[in-house]
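Structure, as structure tokens:
The first chain written gets the first letter, and so on, giving A, B, C and D; residue counts start at 1 in each chain.
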Amino acid sequence: MIRVAMQAAAIDVGAELDLHDAGGHGASASFIGRVRGDDGLVELFLEHHPVMTEAGLGDLAHAAADRWQLAALTLIHRVGAMAPGDTIVLVLASSPHRSEALAACEFLIDRLKTDVMLWKRETFEDGRAAWVEARMGDEVRAERWG
Amino acid sequence: MIRVAMQAAAIDVGAELDLHDAGGHGASASFIGRVRGDDGLVELFLEHHPVMTEAGLGDLAHAAADRWQLAALTLIHRVGAMAPGDTIVLVLASSPHRSEALAACEFLIDRLKTDVMLWKRETFEDGRAAWVEARMGDEVRAERWG
Amino acid sequence: MALNISYFAWVRERMGTADEVVDLPVGITDLTALLSWLAARDARGALAFAEPQRIRAAIDGVMMGPGAPLAGAREVALFPPVTGG
Amino acid sequence: MALNISYFAWVRERMGTADEVVDLPVGITDLTALLSWLAARDARGALAFAEPQRIRAAIDGVMMGPGAPLAGAREVALFPPVTGG
């Protein structure tokens, strides 16, 4: 079962785990990314190109499903305004084999950072707000997967 | 916060996630291993050497905490009799940085497979029961970490 | 030629709108020409497209380089490099 | 010398007990000698320790090789190779 969503609503990790697990056995690897409150950040705003992010997430999910033997795959990304501690992204990958689940999860989170059309704006407690510049580190990590 | 447990009681993933998350931000990687009902398996029985497994889990958790920048670490292993679908093992690793959380999680699950003193007995629906032989694959994976 | 243009992130903020429909003058046939035309059109365009090398573009949902032709395009999206998930 | 011995997995099943206290005869000074003595002691021991190369051992919670001396040991654990988590 592949489940992919871009949503403005809060990500309910417990509910997603339940949905994802339905009937599945074996190994599940997950990644949860949360908003960090570094440097006095008070809001993270994520903007996306809906048509392109939807296509990007779908392509990514299918690339993982082609590459590894997966029983279930969940890819949820939040957009809009978030506060520190909020979950931005959730990846769940299940497989009969732990190495497949772990590799798929890592692949998906690395690729999400570069393949999905998202822009981040950070607002700090002193009122300063700025759009985040693209980071080279993410591009390097994603390239490892060839 | 490091939390380590060997327990005969069912592992409550949701409750462990809540405990683990308390106050934490950033990236969380997790691994959930479940009993597979392959080949008509009806029961998996895990025996351990309590003193040695406790020491083994503790050493493993501290090795990970020394090696990566972790905000929280949870390592729960179930022992005793389990049915297909039951969670055997739960690893949660959180860090400000996703690569650290992912690497720590993978390290821990690989090492758990070899460093912890556990023996598995499988019982099948035809009544056959057998102790599982040690697998070379697990030893090879664990050695990658040096 | 009528063309839907959408803007994202700081390009959207500088343009003061998320999208518009423009009537392209004859001769504006590729992305590079489009950016130059938008930069020359008004103060907002000048601010948003002063550094065209910082702009990325997609035509009908597909990423395109600066020389991509506009013929047949329904929507052009203009935005900064993405900052990931 | 009195020694606590504990058994795990199929070694435990074959021995019919999880642990016992034995009174070691003089001359049984290392793990190899202990396995031979247990194998010769009775039918259960013969079954459990027929193939000593399949047995692993820990003395007071620390894995030890076949030649490890028993002097000073409080507990010897005997078991098959572990099958992991």
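One rule holds for everything that comes next: a contact is a pair of C-beta atoms (placed from the backbone, for glycine too) under 8 Å apart; a residue touches a chain by one contact, two chains touch by 3 or more.
What you see is a predicted model, and the numbers here were worked out from it, not measured in a lab.
Peer 1: Which chains, if any, touch subunit A and subunit D both?
Peer 2: Intersection of subunit A and subunit D contact lists gives B.
Peer 1: Please name the chain that ends up farthest from subunit A once chain centres are defined by their CA atoms averaged.
Peer 2: Relative to subunit A, the chain whose C-alpha centre sits farthest away is D.
Peer 1: Using the average of all C-alpha atoms in each chain as its centre, how far is it in Å between subunit B and subunit C?
Peer 2: So the centre of subunit B lies 51 Å away from the centre of subunit C.
Peer 1: Taking the mean of the CA coordinates per chain, how far is subunit B from subunit D in Å?
Peer 2: 28
Peer 1: Go ahead and note the Å separation of the Cα centroids belonging to subunit A and subunit B.
Peer 2: 24
Peer 1: Just curious, how far off is subunit D from subunit C if you go by their C-alpha centres, in Å?
Peer 2: 77
Peer 1: Mark out which residues of subunit D touch at least two other chains, giving numbers and ranges.
Peer 2: Residue numbers touching two or more other chains: none in subunit D.
Peer 1: Find every residue in subunit A that makes contact with two or more other chains and list them.
Peer 2: 33, 109
Peer 1: What chain-chain pairs meet the touch criterion?
Peer 2: Going through each pair of chains, those in contact are A-B, A-C, B-D.
Peer 1: Using the touch rule from the top, collect the residues of subunit D that touch subunit B in their complex.
Peer 2: Subunit D reaches subunit B through residues 6, 8-10, 12, 58, 61, 77, 79-85.
Peer 1: Provide the residue numbers of subunit B that touch subunit A in the complex, in ascending order.
Peer 2: 13-14, 17, 24-38, 84-85, 96, 98-99, 101-102, 105-106, 109, 141
Peer 1: What residues of subunit B sit close enough to touch subunit D in their complex?
Peer 2: Contacts found on subunit B: 33, 47, 49, 51-52, 55, 77, 88-89, 112-114, 116-121, 131-135, 138.
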